[in-house]
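Only one structure is covered here, and it is reproduced in the block below.
To keep things simple, chains are lettered A, B, C, D and E as they appear, and every chain counts its residues starting from 1.
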Amino acid sequence: MDIWFIVSNTIVLACIYGTLAIGISITWSSLGLLNLSYGFIFAFAGYGAWLFAQHVSTWGPAVLAAGILSGALGGVIICAVGFIPIHDKPNFTIRGLIATLAINLIGTQFLLWWFGPRSKNLPEIFGNWSVSLSGAVFTADKVGNVATSVLILAVVLRWMQSSRRGLEIRAMMMNPHAASIVGIGVRRTSFYVMGITGGLAGLAAVLLSQTYYISPFGGLMPMIKGVSIALCGGLGSVRGAVIAAIVLGFNEALTGMSIGGRYVLVTQFVVIIVILLVRPRGIAGLLDKAREA
Amino acid sequence: MLRQISRNGAADQGGKPVLFSCSGISLDLGGREILRDINLQVEAGEVLGIIGPNGAGKTSLFEILSGRMPPKSGTVWFKGENVTGLPLYSRSRLGIGRTFQTPVVPDELTVGETFKAARQAHRPFLTKFDAEYGADLVGLKISEDTSATQLETFNRRKLLLACLLMRRPSLLLLDEPAAGLINSEVDEIDKLLRTLAKEMNIAILIVEHRIELLATIADRIVVMDAGEVISEGLMDEVMADPKVHAAYFEDFSEEAEG
Amino acid sequence: MNISVSNHLPGTPARQPQREVLNVKGLSAGYGPVRVIHDLDLVVQCGERIGIVGLNGHGKSTLFYAIAGLTGWQRGSIKLNGGEVGRMRSQGPGRYTHEIVRAGLALIPQGDEIFHGLTVEEHLDSGAYTAAAWRDRAARKLRILEIFPPLRKLMDVPVGRLSGGERRMVSIGRGLMTDASLFLVDEPSLGLAPKIGKSVINALMAVELGNAAMIIAEQNVALLEGRVDRVIGMHVGKLKGEASAALALNVYRKA
Amino acid sequence: AQPIVLGIPYCQTAAAGVADHQDFLNGTTLAMEEINAAGGVLGRPLKLFTTDMNVLSPESSKQALAACVDAKVDAISFAFTLVPLPAMDATVKYKCPYINGNAQRGGTSAVKAQPDKYSHIFQFCPSEVNYGWNYALWLEDEEQRGVWKPKNRKVHIIQEQIGYCQTISRAAQEAIKRRGKFEVARITDIQYPVQDWAPVIREMKEVDAAAIMVDHWVAAEYAAFCKQFMASPVRDSLVYLQYGPSQPEFLELAGSAANGFVWGTTMGIYGDERGLAYRQKYKKRFPGIAGLAYTGIAYDQTYYLKKAWEAVGDPRKFSEVCDWIRANPQRGVCGYVDMGNPYQEALHFPDNGGDELQAQKLEAGVAQLYVQIQGGEHKIVYPGPVSETKLISAPWWS
Amino acid sequence: MSLDSGIKWRNPLFVWGGKRDVEELPTIPFRSHQEVWEKTRQSRTKLNPVGRLRYYYKWPSHGGTMWNRLRYWPTRRRVLRMPGDYNAKTLRAEKTIVDKRPIWWMLGLLALAIAPLFTPGDLQNTLLTAGATFGIYSAISLCWMLIMGTAGVFSLATYAVIGTAAFVTALLAVKFAMPWWLLPPIGALVGLVFGGLIALPATRLDGFYYALLTLGLNELCRVYFVTSKEFGSANGGLYGARTYIPEDWSQLGQLLLAYYACFGLMLLALLLYRFVNGRRLGRILRMAPEKREAFAEATGVNFRQARVWVFLISSAALGFIGGFYTSNFGGVAFSIFNFDTVLLGLAMLVIGGVGRAEGAVVGTLIVVFFDQVLNTWGPARFMIIGLIMLLVVLYLRNGLFGIKAQFRAWRDKKKSERRSTRAEKGGEMLPEEATETQDKSVIYQRRHDKMTRDHLKTLVSPEIIEEHRHSLNGQHSEALERLLIYFRTRPQVEKYAIITVERFEGYRIVALSGHRGVAPRVVEDRIYSTPDEACHGVFMRRVQDLLES
């Protein structure tokens, strides 16, 4: 078996999964919201980018930006509709879950009704070339995915590290109670957070538009994957999410290579279940102080 | 008499048998040492008060004594048996009652249903009269249809106490029973604890920040600080202990220094 | 034995009638079903430094939290700089806290209210909430470092690794980063060795108040003795000694 | 006059099938408008009764048919449901003509097993098994015609796991074995959703078969496959995809990467004059990319019903209408539909020897169409009489 | 009160040559009670009668016990809880139906039972088909509610259990031509096994992690059944099992049979819900919701075991439903494992209100109605379902059936807020307390007491304290005398006493406990050197207490 092939595939998949999961993880850790309307944001951003490409410009980076922006817009809408009214009500976590699910239901049906059932395609953002590395062939979008997601994740993490808004978000992530004491408004910050995570979803939507084409229900699978990885990594831990993304990416690459692609889903869920049974609070559940679920 | 109990928990010659004891309890949480080598013993009808500054590990100790947390090392003895491995519910079945610092009640039940559930918590199931007995004992006079969440602090505490007392436990672990209560309610607790300890011969371990309450009811005081027992004895004795001053009444020690 | 008369007594040269920084009227507050503060009144003039003493669990922290809108519920009026902040009924803790903080409150809480992953420097930055404070945060940090020299070496260390005393310093420093008009300091000496406790108190005393005021809650009365303008006792959610200045608590405390 | 009501359960909200059903509705609408413009049926206007149907869910399918029954429709015509039996059961007492464009032998064998109960159920297309059976035949024909020169005798089958794909794969293996010209070199299992085709393509290269059959069903994933395949193709292989690429979005999604791939459908608009004329008509009414299959099937189904009603004279005489349908085949834009057999299913052309439902000549059955994407457009390349062009070499052929 | 008011008091001891050498000293002016009283009465706040109104209809007690005799067979439980009482004001005997839910249930079930007779002809098929679906799904919701509501575990494996049971039974039915009535029991067996499987992690994982695990399980089942060769037939599902519906019945007859069979299934599920939720197991579980098990644990409840039990019971029931599903539809499709199915199921639970049977039933009714009956509406109906769900979680505390309680809570909160704005400071009862007090005269007593104290507080001044310090006994000024009289009439509980620590050397102040046998409490650390000083200390404490009250 070809180790290099597995490794390279793992990297590609881990990047995809990481992009999917980290938004969910950040949302959870700073807002305590398990955002199940992620699928809707994903599709919404995709359609935003598609509209942009149809009507304005098909220049790759511009489309990417349009996707990120519309994702951020989607996130802000979710925040206004599904987070602000309930964040201080009792049983918030379950409410938030149901509310975002409901938004997801409404939103996807709306998109289906508005844009019709046909999947949409985005222009090739990274061109149409490929490189071959000792047997493994990487298409432009794969290389682009890896490069962009690593880059954007680095930028987001860096921004969270050094700017004032980032400081606020991180502070809220670590201790929301203390955050309010130093004057960080949960509501205001939540808009930033949802905007950013929405933007990450948008980024994922555009990057993955070659695999998960843009369709109203196209966000469901990414959402299930993202939530699984975020939970598996331990809710609230970005580090855990990254580890989980790598583990699951590796699992998928290995399964695809060894026992066949049809078992990918099976092994994936088996791995998730085993991880949860061994570590009931996810991979990083104990590394970081986990918030009560 | 109280001094006569030897430190390792066995019955001393002539003294009453030790009902409940622990030895060498230590605990680590989150990589931090919370408790270090705690030894305690109580006999039937004795009231043992535990005081200590916030974060001294009193509640953590109770978690271990009641079986909600396993200790890193050490053993807990009850009626001569090693109960270290038993979870709270089986200790409760043996006759150890425990109350909590926060006044917990079942959110979804009414008072009546709570009593019913507690009566039927395990075999033998009790009758309505046992529940009434428990409620009378603590003086809980609340309509059965009231939702438990509507109760205020004192009645919340009483509700749990009533549920425990109807099984006639032989040991009670009370974590800050008077926290958040006003003076007259503290007096009521005071009276209740006396009745339980002196008339019903229940051993009571009580954590309390209200020294005045402990001063009147506790037979013996244990002072904890930073996970260790720093002093033990009668109220006056421990109050005189300079270590206690240093840990608990810093102002005194300041005065002593300056 | 003589009644030590505080400077508010009629007959002694009273302070100039001054702006009220804080005016609490009929405040009750609690957590869910628990009512911790009962119908409490408190007036703080600017430039004042007030001590609140009382036993564990009698509601000192809760009073502070209530002012900051962090209790489960609260009723009554709280005026900060003349603006009503208590009216913002807290529907759950912390909903309006940031607005109150922006209205000029600096709360230095009692427990480990820190962001364990942030470094000391970031932590101090996080206290500089207002835009003005953020802009000259460098200067402010220098000022904090003057008050707490030990922090100098620790600027890049995550706060979660610091010892209790250092955490307190960081936490207090964070509170002093803004130009608040009301500082609420909850048990600054708690969990600190007496010596550090003392130096923390000294630091607090060294803050020039100007138009601001400061309330310090302490179990350790000795630390405050004679260094604050007033000492108020707190018992079961009510203030003692505030009712009449002539009966200030130190009448009884002081032997 | 009182309108004649045609019940169209069509999928509007589910995660699958919405695009096909939209095509179907468009085709029916076009037919209805034409008929009404020409004076209706028996002097009565034709009206559509539409209702939502989730093609994946038995409850919903049943419900949609029940709604049609309640609306007292004169016939039911729709594209497909993935759970045919509950849907059929909902109408067995009402027994109005029930014509669907399902391509599933599962449904028609139930008709054969219980002819009385399901006497009103007609399947307008040949069943999916023909994809498999015909595949071997087609390979041989293409080899004979000479554009494609197989480098070896190997066939590599990539199969998805749902029943539909499994049936096709099984039929293909059987036919290849029976005809003996090629051999199945490997069968690779995949599972929807396919995140990454790289391992599959890698395996294709490893096998290096002359013919590759990708037996899947999702247009979007086919498009992704085409892109990845183009990045590192298996030289000189003839790559056949299942029905999925017929969906209009496929061309949009795959773009130029789709050129050279071949796909098939058991029923679609022919490339002959009549078919092309219909395509023109359809394009005028519904601009944009037109689907190749259900747009025509729907049109033919409606006209078939119209003829039946006119012949019988009263649409409410359900059994007579059904009898007429059984007895009278129709040649439409998608071929010659003859459902007068126990399965009540259209005959398949060419004869691949799989079962008794095979037509010997073109004008006796529905030709299975093989379509190659040439220059960004679907071109029918097989079978000869109805094809538009010939197979041309794919970009990855030398 | 200023000292310059010119009012003086005459020292009565002056003539005997007491310590004082002045005959007259300035004193505070006398202030009449009346004045204070009037001022208090001037308060503009509206005073309502204290206490909460009861919103129950009072039935006159007719003396008979007719309704009381009705009992649920075979229990000794009465059908309606109707405690009788005497009206405190009118002293008339009256009784109240405390819990009217049985009446509503009976009416609702009756309506469902006769509903088929009233379906309009042109919706008969639609409504009856949807009715059967409703019956099955409400049974499912009820069993799911046992886990979500009663046990409080967020499990998403419900449809996995049903689907597995349905597929297994369908396979057996197709392979071995089993009669339809064997399918539900077999399904129950399958469900039991499955229940055991998902119960074990439930004792270890919590919250969303368990939800994820069960969702993963659901996906695993979907993948398995979709791909497995036995189950993955070409029909999009496994069909061909025999159903209980005779082939030769008329359409209406078949539909009615299916409707009533599913209705019966729902009744069974209701019975099960009642027997689990309303009896020991349910009470224990509701006592120990996830993460708040402390109370139950302390009273000796083994909640882990209880959770395993409820999983086993409800999974067996779900398996039964799965078997029934097969024999109703003649098979089962893979869509049962779809995320949409789970989502709609969740909507059914949430809309009605988690933790109550009526919530499950009505929530299911609403969702099934929109999903199945209004299917000509297209996508709009899902948007409506989503919108209802959203509004419910945004604005309702616990679904539609929580509205009543929520409204009452809101009304009570508003009331007590209004009360708290007019609760004057001091010893008057806290508003919450006042509403709970049975003996309303206590409230007025306290009000009076408070007014007295308000008045007395105005009398306290440094001069009076000084006066008391100088002369503990003897005649005092009017003001001081009033204070002392008030102090003397206080009850025992609040009284202070002086104890001698050391004769002639040290005295301490203690507080009497007011309970026989309960020792006095030491209230301060100070030791006074003379009894007089101690006396004054007591006085000071009382003054302070007064000022703080």
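Things to note:
In this text, a residue touches a chain if its C-beta (ideal position, glycine included) is under 8 Å from a C-beta of that chain, and two chains touch if they have at least 3 such contacts.
Please read all numbers here as calculations on a predicted model, not as lab measurements.
Fewest steps needed to get from chain A to chain C, stepping only to touching chains, is 1.
Taking the CA centroid of chain A as reference, the farthest chain centroid is that of B.
Among the other chains, D has the CA centre that is most remote from the centre of chain C. With centres set at the average Cα position, the gap from chain B to chain D is 76 Å. Rounded to a whole number, the gap between the C-alpha centres of chain C and chain E is 37 angstrom. Centre-to-centre, using mean CA coordinates, chain A is 49 Å away from chain B. Touching two or more other chains at once are residues 12-13, 15, 161, 191 of chain D. Multi-chain contact residues, meaning those touching two or more other chains, occur in chain E at positions 223, 227, 378-379, 382. Shared contact sites, meaning residues of chain C that touch two or more other chains, fall at 35. On the chain B side of its complex with chain E, the touching residues are 66, 68, 87-90, 92-93, 97-100, 104-109, 113-114, 116-118, 120-122, 145, 152, 160, 163-164, 167, 184, 187, 190-191, 194, 212, 215-216.
On chain E, the positions that touch chain A within their shared complex are 154, 201, 204-209, 212-213, 215-217, 219-220, 223-224, 227, 291, 339, 343, 346-347, 350, 378-380, 382-383, 385-387, 389-390, 393-395, 397.
By the touch criterion given at the top, residues 12-15, 50-54, 56-60, 62-64, 66-67, 69-72, 81-86, 89-90, 93-94, 104-107, 117, 128, 161-164, 166-167, 191 of chain D touch chain E in their complex.
Contact residues of chain A toward chain D in the complex are 5, 9, 12-13, 16, 109, 112-113, 116-121, 124, 130, 132, 135-139, 141, 210-213, 215, 217-218, 220-221, 252-253, 256-257, 260-265. Contact residues on chain C toward chain A in their complex (touch as defined above): 68, 70, 91-95, 97-99, 101-102, 107, 109, 113-118, 122, 125-127, 129-130, 134, 174, 178.
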